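A, B, C, D and E are the chain letters, set down in written order, and residue numbers restart from 1 in every chain.
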């Protein structure tokens, strides 16, 4: 087992464990923190996959900004374990069964193909570098980039319209 | 492309004009000017006068079909603004923002009409969706509006996740996000991803067009949202989603139709069934219209299903047939106090012209000949017949369409055959221009119902 | 060109009627329009070449539909019926009190445009168009001016026929596709279909027509609808609109799906005969005059349908002439029913009686019409029924025997009606019928004249429909 | 690393996210689960991007092979950020009105 | 002259139209005169035609206009004048005229419009009856056939205020229609077999047709005849038909319409000759009817009912004659019966007129002195019907019975029994009415008077005819070739005669039978006369008599096995099958949709978790589906 393999398994276990803890956790604050753990694990995977830019962005945007936003909101509402309403046993069961079945079905669908096992993820290359990404983004993908501004604008307007107190 | 640019700019213009024109009513005029501008811009586009005709390295693909579709949608949008813009200003304190959001939505619609790359599709869908979440929740004090918004948002975000998973799988198989290359396997064996990705995309787009069993958000969101925004969502946005859906399946997955036609057919049947049958029970016209939009979506799904030239022509015809009718009925509904069927009682004697127009709209929705709705449905059925098989689908669709008569005609019955309980006029702001506009819409529907080719489709063929 | 006129005249006339504000003006205008339709038909029958009567224009060439109208014998006969019926109806309800009568007559005329369109269209899609269009004004007419339960009843009627016609649309679509994308009658009838295709297509079409006629067991909308509709509409419904179903069988079903027709003719005939007997039985039990006539109409239509499916020349001829005769006769019955209802305020047979004493004229007219209705010789219906029974007999003796029972039952319920309404001691209500409205009486007299003309000299009608019959014969040989 | 591993890993995460969405009643946590789903897709895309990278036939058609997937991930993050801002605003608005974020209380609209 | 035959029905038609349309404007006398004159004119024309036909044996066919000419069915509106039809023409117009004359007095109490209506109906009847006998094909015959049924309906229900009369009229019409269905089916078979309904085209080819078909045709036509001529099983309407005015009973329900069945069979004699099985059926049914009706007549107390059952019984004899192949005999009996039964009915009418519409013979008695002319003519009628020589009934009945004997002696003896019963009940009727003492109210006694001349004159003329008519058919037994009627009709029955076996009854047997029958008849008559003159049968009948009085309960039987079950079925269909069954199904599908709407809306639980779960489930389903495809 190479180092990268060990890292892979470790990060995978961490991600899955974090995800599970996030889902089952009673206290929303803990859930947020577990989710941050997942994001870190995923960023680790990005680095393993030689996608450094995304790894950084993931940490900055997701773990750093988005999750903090979540935390703020949770704090603002003063939600804690006691506030968590009683879970519906059937919903719980149905939810986990469906989630599990989804996984099973997908895995079963993909497992059959032996060819897949041969497909390797190449770990070298310059795909993940800022320079490469940047040049493609501003040359070929300039349209989505520009258009995202509309998205942000509308999100901004929306947050103001919705979030503004009064009226 | 003109549309995308102008509408983005006009959205920003609207945001800023709020600063200079504190009176709400000005926003209406600016919005209407914007809609007219968009219409002009798009017309210029059709005639080759574009700001840019770049495809951005193949991310976009322009075709006359998309332009005509947009033109129709813009006409509907203008119709909508002319009829209901004033009511937009009554929803909350931010009329400029609401209009701005609508213009952003129009920009998103432009993207999903011309997308040739899944990334554009994704961003386009999000640009359309996010403003809608906000518009749905714009009546902030109204708990129903809040609830609708949150439900819409949660389910919408969930479907975004599913869409992305689908896109990821499709990419895994083909190594490309370009629509026309989605089915070419990057390497032998990767083809196993395609059907999985297809299912997820199908589910996500099915969600957007409210196909069963992914339709559940629709009644709640449409019912809870302020009625004027429901009108916008149900009519204009719904159609845009359909065009995206049909373009993707027609240009991206046509070769795989053997795999997805049956699932799609089943979805169609389920949509028609649930939409029509559940609408029967409704007591509120607004909610009934929500279910009816599901039922109509069932019919439009037939276009996606068959994906031939007839289907595309049909979808084009469906656009005015459905939009004008829905917008018209909602415009009347907005002006009423009582959203139940009883609210319509005696409308015909009090407002004969309005009642006549609403009748035409309802007949069109029900697909009665001499209205555009008939040909819209006709093309859908014809396109299925043209695929050769699946005649059972036609028959099921036809039988279920009969049910739709039940709830559409209940409104007609209320208007014409029952008498109002209260004495006074119950339509607010029923002005002459309102009546004339409605009449224009009705006449347009009838004209399209007699000469669909001469008035519309020949344009496409030429 | 004449065929186009036959659609345009009532259409334009109807639209103009919406504008007219005075009651009297609306009536006079309607009468005028009806007369001009009649004049147009008569002009076609007597002074113009048949070839000139048809009309063809481009409409939706890309989906294979055109605005094609074709005047053949059967169509001419039906248009004549429609023109005659409208004149008579307008006269008959001249004195009836109708709220916002301009709209009423407008819708009535629009219905005529639709009905004539159905009779004339020779393009499948156009046919479907008119088929539905005829329904919409009727829906409003019944729902606005109808009786107490009008809304639900009319709605049932509408949905029922709408479902039927949508199934037909599905069938038409499929056939047009098979015909290489053309809806023209010619192209559709040249499609080669396998027998299994024919068999299921047959039912798609037949159900639509059967609902309209209506054939047992698709008939339950009819008595309710007839009962609840305003009488003028009931007249249009039973005199004209049920003929749409029969006519469609002749004009469309037979040429399009001869294989299916042959395959299922026995079932259809038995259905029709069962319906005749069934409706006759039920008619015996009706207390409401309109319902009684409705059931009797079901029985008569059943016979016509059965005769059409019996598949021989006599049957075709008989059915054609009977389509006309039944229209006239049943109209007479409705007019009488209307007079009685208008004057006495009731339609309950049990509440009437002794009208023959107060209004012998009405009694005589009703007896003539009623006897024509049960096909007494020398009335128009006899010719048709004789030929039709003979046709059924040729197909199978048992058809004729079973169908023949309706002759007896028909007599039973018709005479029961006459007896209860006109005979016996006069009731208070009967006194109100002493003076008959002139218009209604005039139409009844005209109807009686038509009854005897048709009964004595049917050759006129046979000549007219000869070409249609010949077409049918060619199809099945 | 075989691509299978990554696929299964992201599918597992995705399914956990789905299960979380279905089981939890707290709107914020549901939303977080959706974020988890998005992240698992991101991971999958990156894995695919690395799988396709260097594929000769693909490179002939498209010089950006592999890169675009990572850009896609970038845009997903962009959209997610926008979505979060709007979503949280909606949740806060909700909370202001009913002082709860329990989705089970959202039942005024039904049938 | 034969070419002008259309005038014969035309006059009554014109009379009908004039009297009918002018009923509000014409005075009573005018409308009466118009109607009577119309029939008289027809009678005169008929006489001329008769003169012509007597000389010329071949039928003349007058084609007026093409009636139905389509789809290979060619039926012209044509009349056939031959010896058979001309005989009937004379009877119809002759007796018809007398009855018109009689009616003009009898109906005097009616108001002018109703009076005119009555005569219009009568004229219409004569018109239709003439169509029936003149038709050159079965369809024209059928037109008249149904037409007379209609007129019978109208005239039975003439007094429309009375609902019971209306019911009787309806019963008559419906029963006739049952027969008509048979007739119509017979026509279809004819049309199928011969491709034509014209007599002159059907009969020549009859011999070549398969015998089963001929049997079937004849049986079906006979079904029609049972309806029209009141034979088992369709005879019950005729007694009820007495609800109509008495002259109507005389004309329609005695002299003319009810003999239409006999005319039709005589007209189609060749077909029947070719179908011996049918003939047997006819003979048996005729005989059974004769006996059954005679038994019922024994116990009836309504003067018209007795005559009605007597008519049914006499018609039975005529059918017996047809059944045994004695066509001439049957026609002969039709003619004589027309005279004496019309006479009897008119006599009864005169009595009823005098008694102020009292019809119960138990309340009469001793009328002989008060109504001398009526009495005398009625007595002649009774003797004639009883069959005492040389009155007409003797000749015609004897001819039938002798022929029956030749066919089978059993028939003869049963027929003889019927004849005895006839004699008995006729003289019971006569004695109870005219003999003994008057049993009516004082008021009636006070007003008893002989009828005016318009009524007595027809009685006298008919009485003369009833006496003399027999001489047109003197049997061979008494004089060679004296049977004028046989000679006259021989061209009509030519084909049949050729096929029939010659009767071989020795003259001695015939004499013997004659002797026995006359002796028995006289005994019965004397007994009845004596018995009922002194001690009329006034008590309630008991035992079998009760059964007879109640007409063997046939009406009740029909009611309980046919009318009532049908009524129940209709009721069941109306309330259950229609409302709950078919309409229930239709409404049920609507309800199903509504129910479905109620159920399906529950999916929309309002719980966003539920929505998401459905989405995932749908997704799973699609995944599975797409992988299996």
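Convention: contacts are C-beta pairs under 8 Å (C-beta built on N, C-alpha and C of every residue); 3 or more make two chains touch, one makes a residue touch a chain.
In this text the structure is predicted, and so the values were computed from the model without any measurement.
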Identify the chains adjacent to both chain A and chain E in the sense defined at the top. B, D
Chain C to chain D, fewest steps along touching chains: 2
Centre-most chain [mean C-alpha coordinates]: C
Looking across all chain pairs, point out the one with the most C-beta pairs in contact. A-D
Most distant chain from chain B, judged by the mean position of its C-alpha atoms: E
Taking each chain's centre as the mean of its C-alpha atoms, give the chain farthest from chain C. A
Note: chain D sits from chain A at a C-alpha centroid distance in Å of 6
So, in whole Å, the Cα centroid of chain B is separated from that of chain C by 43
Go ahead and note the Å separation of the Cα centroids belonging to chain C and chain E. 37
Centre distance in Å when chain A and chain C are each reduced to the mean of their C-alpha atoms: 71
For chain D, give me the residues that contact two or more of the other chains. 3, 7, 14, 17-18, 21-22, 25, 31, 51, 66, 68, 71, 75, 79, 82-83, 86, 90-91, 93, 103-104, 106, 108-111
In chain A, which residues are in touch with two or more of the other chains? 91, 94-95, 98-99, 102, 106, 109-110, 116, 118-119, 140-141, 144, 148, 151, 154-155, 158, 162
Residue numbers in chain B touching 2 or more other chains? 119, 123, 126, 130, 133-134, 137, 140, 149-151, 154, 158, 162, 187, 196, 219-220, 281, 406
So the touching chain pairs work out to A-B, A-D, A-E, B-C, B-D, B-E, C-E, D-E
Chain B partner contacts - residues on chain D that touch it in the complex: 3, 7, 14, 17, 21, 27, 30-31, 34, 37-38, 40-41, 44-45, 48, 51-52, 55, 57-58, 61-62, 65-66, 68-69, 71-72, 75-76, 79, 82-83, 86-87, 90-91, 93-94, 97-98, 103, 106, 108-111
Contact residues on chain B for chain E in the complex? 150-151, 154-155, 158-159, 162, 195-196, 198-200, 202-203, 207, 212-214, 216-217, 219-220, 258-260, 262-263, 266-267, 273-274, 277-282, 403, 406
Touch list for chain A against partner chain E, complex: 91, 94-95, 98-99, 101-102, 105-106, 109
Chain D residues within the chain A interface of the complex: 1-9, 11-26, 28-29, 31-33, 35-36, 39, 42-43, 46-47, 49-51, 53-54, 64, 66-68, 70-71, 73-75, 77-86, 88-93, 95-96, 100-102, 104
Over in the complex, which chain A residues touch chain B? Could you list them? 106, 109-110, 112-116, 118-119, 139-144, 147-148, 150-151, 153-155, 157-158, 160-162, 166-167
